[in-house]
Structures are given as C-alpha cells and as structure tokens.
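Note that the chains are named A, B and C in the order they appear, and that numbering of residues resets to 1 at the start of each chain.
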Amino acid sequence: MEITDLPAHQLTKLIRSREISAEEVLDASLARIAAIDGRAGMLTGGNLEPEEIQKIHAFITPTPQRARAQAQEVDRKLASGEDPGPLAGIPFTVKDIFCVHGTPSTAGSRILANFVAPYTATPAARMEAAGGVMLGKVNLDEFTYGSSNESSAFQPSPRNPWDTGRVPGGSSGGSAAAVAAGESALSLGTDTAGSIRQPAAFCGVVGLKPTYGRVSRYGLIAFGSSLDCPGPLARTVTDAALALKVIAGPDRHDATAANVLVSDYATQLEEGVRGMRIGLSPDYFRVTYFDGESGQLHQEPISPEIESAVLSVAGYLAELGADIVEGVPMPHTRYGIPVYFVISRVEASSNLHRYDGVKYGYRTPDPVQELSEMYRKTRDQGFGLQPKLRILMGMYVSAAQYSEQYYARALRVRTLIRQDFEQAFDPLGPHRLAALLTPTTPTTAFPMGAVYGDSVLMQYADQLTVPANHAGVPGLSIPAGFDTQGLPIGAQLLGPDFSEATLLRIGRTYEIATESHDWRKLRPAILQ
Amino acid sequence: MPPEKIPQEITPELFNHLVNLAALDLSPEESEYIRRELNNQLKAIHDLEAIPLDPETPITSHGVPYSSEITPAIRPDEWLPYSHPEEIISQAPVIEDGYIVVPDIPHTELE
Amino acid sequence: MPKYEAIIGLETHIQLNTITKIFCACKADSWEDPPNTNICPVCTGLPGVLPVLNKAVVQKAVLLAAAMHAEVQPLSYFDRKNYFYPDLPKGYQISQYDMPLARRGYLDLPMSAGYIRRINIQKLHIEEDAGKTKNMDGLRLIDFNRCGVPLIEMVTAPDLRSSDEAAQYIIRLRQLLRWLDVSEANMEKGHLRIDANVSIRHSGTDHFNPKTEIKNVNSIVAVRDAIQTEIERQIREVDAGNRIEAWTLEWDEDSAKLNLMRTKETEADYRYFREPDLLPIQIDAAWQDAILAELPELPLDRRARFIDQYGLPEYDADILTGERSLSDYFESAAAAYGGDPKRLSNWLMNDVLRMINELDVPAGDLRLTPAHLAEILIMVDAGTLNTSTGKSLLDTVQKTGRAPGEIVQVEGLSQVSDEDAIRSICSQVVSENPQQVETYRSGKTGLIGWFIGQAMKKSGGKADPQLVRKILEELLS
C-alpha cells in the first residue's frame, strides 16, 4: 500500500519510530494531490478540458508552505526527543467552513472569497497543536448548504473518487473526497443535517458526527447554531477515534461546548460487542420522496441493496455476540426534514445577517447612493442561490405573524424526535439499546447535476441523518460494502449522548470482522 | 388541507417584502425560481401540521439537555486584550483613520 | 384641577461598569481609546465567533433588580433581535425578549412638594451595546470599541405625571446605580441613556392616548425640558382640535427644540428567537443569596434612617445620603464623635463637602478620615481649638495626612484661653491704636469687631474669641 493510503494511526507510528519522516509523508501527499486533484476550485469557475474536469477538485486553498513548516517541526521535535503530539505528521485537510489564521476562509462563497481569517477555529487549532500537518482548505457546499457540494461558488466542485461523474456528497464533499482518494489521511468537516456522514457514505470512508457540544464550534462559520457539529472524516474507525480525542472537549470560547470528560477513544476500540443491544428500526428502512409540484409525499422501502448491506452489518455483529433488536419504532423520523426546513433556515438567515459588506468580505464595487443599496447589492452579488433560498425561507417562518405556526411548532416537533431516541436508548425503557443501526443515506452517490435545482429532493437526501442533529445524539457512518454499480454504501450507528466510544467500538468490531473481505480491497476509480 | 389544494403560499408581494427584509436584490428569474422552490418546501413543511401536538410539549432549543454537570462554567470578569486588532480591521473594504467607512443612511427628518 | 394630565414613561439603557464586555474579554470601558482598538473577533462579529457570558454582568443585574424591588427570575433566556445597521456587526443584537432576568419592581421618588411617587417598572433585562457611528462628509464612520459593552434595560410603566417627576426618576436612578457600584452613570459618557414616551389625557379619565417617543435625552436638564416642551406641544395641539400622531422625536439641546425623526411606520420585524449560542441563565437560590449578601442599605432607606436615628432634618439627610461614600463617612464620623449629629452634619455639608468637590474624589478617599474629623470636632467642643482654627485644620490634615492632634501639638495651635495672656494681648491692641479707641468710645461700638480681629491676629488666631470680646469690651469701656 502506498504511504498516502495508509491509515493515519499507522502513519503516525511510522513517523514516530523514524521509519519515515513527516516531510516524506507530506511529499507523498502532495504528489498524490498533484496526480489526481486537478485545479483547485475558483470563483471564475471551470472552463476545463473533459480529462481535466474528471479529477477530484477537493481543494479551494492548498497550504503547502504551512504544511512543510509543520512537517519539519514534527521531524525536528522527534529528532530532539520531544513529543510532537498524537497526530504527529498526519496530513489533514480542513473544510473551508473553518477559520484558519492566515488562510482565506471562504465558506465556499463569493461573499467571503477575500476574507483571510485573523484567528483559527478551535478544532483545527487542536489538530495543528497535536502535530497534524495541514495540507489546505477543501471545498464544500456554499455555507454548507447542500448535500452534493455542487453549490460551491468555487468551481469545479469536488467529484466522487469512485466515479468522477458523480457527486461526493455534501456539504463536506471536499473532505470526503480528499480522504477517500488518499490526498489526506484525515479531514475536519462539519455535520448539520448529515454533512459528514452522507459524503462519508457516498465516498466509502468513515465519518463521525459527535454529540452536539462534544466539539467546540468556535471558528466554525455558522449555519445552524443548534445543529452544527465539527467532526472527523477518515478511512478507518481507529483514525476517527484518534482525531476525536484531539478535537473534543470544553473551550472557553464556546458556551455550548459541554463540560464532559474526553475518553481515550482509541484504547477501548477492540473490546467487542458481546451483550450489546443494537436496534433496527423500520422507520429507517423507508424513504420519503416528496413531489414538489404536486405536493404529494410518497414513502417507499429503501433500495434492497442498501437494506441488505445494513442487515449484513447486523449479521456480523450478531455473530460476535450483539443482541440485534428488531422493530424499534422511531415514529417521528419522517418529520426530520420538514422540521429542518424550518429550524435551520431561521438560524441560517440570522447567521447570514453579518455578511453586509461593512467590515469584511465582499463589498459591491458598484456605485451606490446610500447604505441600504450597498447592503442589497453586496448580498445579491456575494451570495449564491442556496444562501438566498435559506435566508428567505428563514425570514418567512420566523416573521412575527408566522413564527408561532412554523418556528415554534417545529421546535416542539423536535422534542418528539428527541424523545424517539430517548425512548430507544433509555436503560429502563422498552428497548434499552446501546445503539441503533441504520442506513446512512436513501441512495448511493447520484450523478453530478441530477438533483441540483430541486431543493426539496436535495434536502431529502439527509432524511436518515438529520434526526440525529435535531436530537443532538452522535452518529457514525462506516463503509458497508458497494452496490452493483460499484458505489459505496454506508451504514450508520446512532447512540445516546456522548456515547462516541460505544459507536466507535461497534464500528471497529465490524471493521475487524470484515477486514479480509474482497470489497475492502477495492480502490477508487481515480486511483486506478 | 390536502397539499394540492394549498394555494401558492408565498405570493409575489409577500416574497418581495421578504426580499426587502433580507436586504437582498434579486433578478426576476431568480425571484421566480426561489419563490417556487420556497412554496414547494412549504408543502413539505405542512406535513408537520398533521402531527397531534400536546400543548404541554415543550420546545427543544438544543437536542442535548444541558444539566448543571455538563454546562460549562460562566466566564469570570477578566480582561484579556486581543493581541492583534489591526488584523481584524484590515479586513474591512474601506478604512480611514482607524474607522470603518460606509455610505451614509438618508435621514427621514421632516420638520 | 388642571384640564390635562401628562402620562410619561421612561426607557433607560444603563451601561454597566464591569471590567469586560458582556460576551467577550475586551474591556468594557474604552472612552479614551483610539477607534477600533478595543476589539476582538467576537465583538466585531467575525465569521465563526461565539458569545460567552460574563459572570459580573449577571451579578450586577441581580443587585440592581433587588434594589429596584424586582423579582429575579431563576431562569431567563437570551434572544436575538435581528436588524441591519452598520454599528451592529452580527446583524442582530443579543438581548432578552420574553424571559428577562427580572420582572416587576419599583423606585420611589420623594418629591419636594411632599409626596412620594412610586414608579413601577415592568422588567429588567440585559443585552449588548452596539458600536458608534458618526457622519462625515456624507459618509458614515464606524467604531466598534463600544460593541458588546453590557447594558441593562429598564422600562417604566407610564406612571410619571410631570417633567419634574421624570427628572427626579433619573436623578434617583443615577444615585442608585452609583450607590450599588453597577454603573458609573455618567450621562455625558452615555452610561445612562433615556428615551421618553409622552402622552396627555383629560384629567379624570383613565385610558391612554397615542404617545410620542422622544429619543436620546441625555442629561437631567434635557429630560425635564424636552418632556415639558412636548407636553405643552400636545396640549396646544389637542386644544386646537388636532390629533396626536405617534411620532418619534429628537431633542436638540442647543436650540431647545424638538425635531421629528420619523413617523411610526410599520414596526420593524425583529424576528426574535432564542439565542442558540448561549444556554439559559440559571440563578439558583445559593447564587442569588451570595450576590445579595453584597446588597447595601439602599439610599432612600438610609435617608430615612438618618432622619430617624440621628434626628437630622430632611435637607441634611438628602445631602449626606446623596452618595454612598459620603454617607458611610458620616456614619463613621458620627460613631467616632459621639456628639451632636447635626453639628457634625453641618461641618460635613459645608467644609468637608466643599473639599470633596474641589478634589473630585469620593469621601472615602480623603486623607481627612472620619476619625480625624471627629477628633477635630471634639477638640473644638472642648475648647482646645477655636472654631476657625478647627476649620483650617481640616485642610492641613487633608494636605499632610497627619493626625490633627499631632499637628496641634507640633504647631502649638491650641486655643489660648489663659485670661492673663489674652488680657495682655488685648491691652497691647488698645494701647497701639488710640485713634480707634477714641472712635469706639465716641459711640462707634461696631468697631469692636475690628479690635477682636486685631487681637486674634496678634494671638496667631488661637485666642478664645469669646474671651477676647469680653476683655476688650471691659478695656474699652
């Protein structure tokens, strides 16, 4: 296996034992990027040749100088007997929704294209302080608004390494693609409705949405303040555990970062699942399709391929001693998207108020008569379609005369969604689950351009992941095989608050059980 | 009310009001597309009205309940000067003598 | 009974004197600082930042709420108030909407006409301040130094009935804020900002008529004058048969005129919703008790007690309890003195207060301590010093910081009461001034004052003046 395809935890071991230097690992990563990434996303778009287009395009801003300085520092520390930290020499990328000091921190939007952050987001700072080597800022849906990465103002947008005619998922599309294609061993993403888990599933990698409040949001350019969760993407469960340990924990800059002990997630990984009650819910094996024109809601069973992949995971876990509990009702699952349409939009429209051209970012170059004209032109020119959609919906459902009917009601349905999980996980309740096992997504990766434009259909791509965001519970997506088109399928584990250690353990157990399976030997098309 | 019977909820007039409220400016094509998508989204949102909601059901602002154990301690009143305020101001499009400069707001003063 | 009754409500924004801002660790006071230097990513609303509540803001708010007899809520929430303005970097203000930190409450105003007006407040809530803008050459200049400074907002019920009462409310409120040490309450620095709502109605009716809002009246005088002007304007309008429109007005102090700012169009839709970046404020009994252990005796209570306990007239009690440090000073001095409190009060109100005003320091910072003052008074009472020596000793003690007893001893300031010594001095004065003696004896007995002055001078001011007079009258007769 090439260096760039090794799991992070193995890489750092080799670096520590001086079998390979951090700088060599960096050079290998840069070579991989040069071979497969193609041009970074740009505001001026992509008039590129077809072969050039069929590359990954994960990056917006590569940071090779920063990375080299960091790699050299890791090597220097090792040479002098100092400890560079638990992520020593591991190349990682950062979704460009995070502020990183001295880098353009664009949120994938024209309105912040020229914003150079004067400070670093806490999770990114912790990864750098732990010896990680930051390769650059990777692409995303504009302001994380989307499930395909297509909405980015920086084009071309990233492509799925398994089939570059398909989306990598979103909004952390650049993160998932970079990790899947061996450009970086880890990536720092965010998950508001599934934006880590869904692209992880589409790209065949591991994606962890921690419990809300487990990881500080300071420096995360906000979308849904009560929903956003920073988290890691990686190729193995162990790597995700390693990253979580580094980024998790309270932060004096975030009043919602929970004061909960950070476990050493990697040490408990291989304790197995004997006696664990793991649930299956019929509500997660049905998918809702909404016809915007007719307003009709249809529900269909999920595709047989996805269903059998997830049931196969259950089978392996059962063989290793888990108690698989079927028929667990999660009746409010189908309301996850409608509730999300309301709550996330109210928070988003408010969070986007600050982009007004006054103190940073884009200001319209057009001559204006007065201030409100400056605001309007700046925001019209600076924001793409997706922010405009969210701002206007947010305005509507929080307007004084509609707020009770929409926003207040959605917040109360959110309570019901939360209660579904509380009942499932209640140790004195009817199901007493340690975790719930579900598919991550209703489909595998769809083709570029196939869904974009239908905002309802696009949002419903998150229907199996969004309930966890409403409830705040953690969710882990792990690769669980491929469909007949050779596209990755993801299985999702959901657990009680702060149960990341359990989810990682279950994921690792399945990983070990299927270690030698043929499908694990498959490599993304871009690498062949 | 069955979804197909709900009239277009956001009328063009209401839409323009929202656009004003949002300090935006949209082209007619963009307006039409967005207004249509919003109305489609609203049809999905109306799915929520069918749910019987106990009047006692409280709102959930954060999914995770913040007990006193996990709530972070409140910040003490200690001054920590920020090391490089110039870097913040240097991001502003127009600065003069340390002030950020914007066009004026017309006064609606009458006598 | 006058034809009309004025109905006034006041909305006050109070800048707290915490060390840091409400949601970040920048300084709260940046009055002297160059623009945009007292800032950080949080108070400038950079992408990705989050607010973190300052403990001292809650503590001061609870103190003020208790002093206003308001009910502190064990659970209160922050909300976002969304609107666009260049001095509001996030495009929303973090405030409290429907679940404020305290509800109800009142402030009593003793009016000089002899009645007490109780002014009810509806609620007390905390919020963040915006930055400052100023116009220049058709452009707006913005300074974020003040962004994020903690504010308390209190809105009174429409309980005030005159511009005098409104002014009194502000005076009493300002006194209370300084008393509790929650705000410097310097109106010139914008620490106490006032908007007034004014309407009138026919006396004897009880419904409310449309009101106008007067914004940004920022001195006691302006409060009184602006409100009075508006009341008179409304009376003129109603007398002329016109309706009162719900205008927003601005008071121009220089020209003493009201200007129309804007007519009340549709209210801005602020789309309030719970601030997701902050957790609810929880004030349990233990914390509240700890904060209220610091609650001092309130000014009006102390004023009443001074009248009662020390037998002081209202006038004295008012002045001595005008400021907390001064009232503490009085009590320490009274305890050390043990004599007539009114006598002590006179000395304090005249000489010591003058010194305090000249030096512009709180009473507690004087080098002339309450114990020193008591010592001087005791010496004057005992005849060790005469009054004028005693008074000049006040300045000497303040200048040097040395104890009065020590100065008297070292400089030999003791009053001369020895009759022989005085007789000798008086004799000298008489023999040295034959002209004046003749004038006196010829009937101008008013000259005795001049003779006393001469004798006092000769004695270095130390002679007992009563004795000097007696002896001189004897010698001159």
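Simple rule for what comes next: contacts are C-beta pairs under 8 Å (C-beta built on N, C-alpha and C of every residue); 3 or more make two chains touch, one makes a residue touch a chain.
The shown structure was predicted, so the numbers you read here are calculated from the model rather than taken from an experiment.
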Measuring from the mean of all protein Cα atoms shown, which chain centre lies nearest?
B
The pair out of B-C and A-B sharing more C-beta contacts is A-B
What's the distance between the Cα centroids of chain A and chain C, rounded to whole Å?
57
Centroid of chain B to centroid of chain C, CA atoms only: how many Å?
42
Between chain A and chain B, what is the separation of their C-alpha centroids in Å?
23
Of all residues in chain B, which are in touch with two or more distinct other chains?
21, 23, 59, 61-62, 66, 71, 75, 88, 100, 102-105
Residue numbers in chain C touching 2 or more other chains?
41, 44, 46, 52-53, 84, 86, 140, 142, 144, 269, 276, 279
By the touch rule stated above, which residues of chain A touch at least two different other chains?
115, 118, 226, 252, 254-256, 356, 358-360, 371-372, 375, 395, 399
Touch list for chain C against partner chain A, complex:
41-42, 44-53, 80, 82, 84, 86, 89-92, 140, 142, 144, 269, 271, 273, 276-279
Chain B-facing residues of chain A, complex:
115-116, 118, 211-213, 226, 250, 252, 254-260, 290, 292-297, 332, 334-335, 337-339, 341-342, 349, 356-361, 363, 368-377, 379-380, 383, 385, 388-389, 391-393, 395-397, 399, 406, 408-416, 418, 455-456, 459, 469-473, 497
What residues of chain C sit close enough to touch chain B in their complex?
18-20, 25-27, 34-41, 44, 46, 52-58, 84, 86, 135, 138-144, 259-263, 269, 274, 276, 279, 282
Touching chain C in the complex, chain A uses residues 98-99, 105, 107, 112, 115, 117-119, 121, 217-222, 225-226, 252-256, 346-347, 350, 352-354, 356, 358-360, 371-372, 375, 395, 398-400, 403, 407
Of all residues in chain B, those that touch chain C in their complex
21, 23, 59, 61-62, 66, 68, 71, 74-82, 85, 88-89, 96-105, 108-111
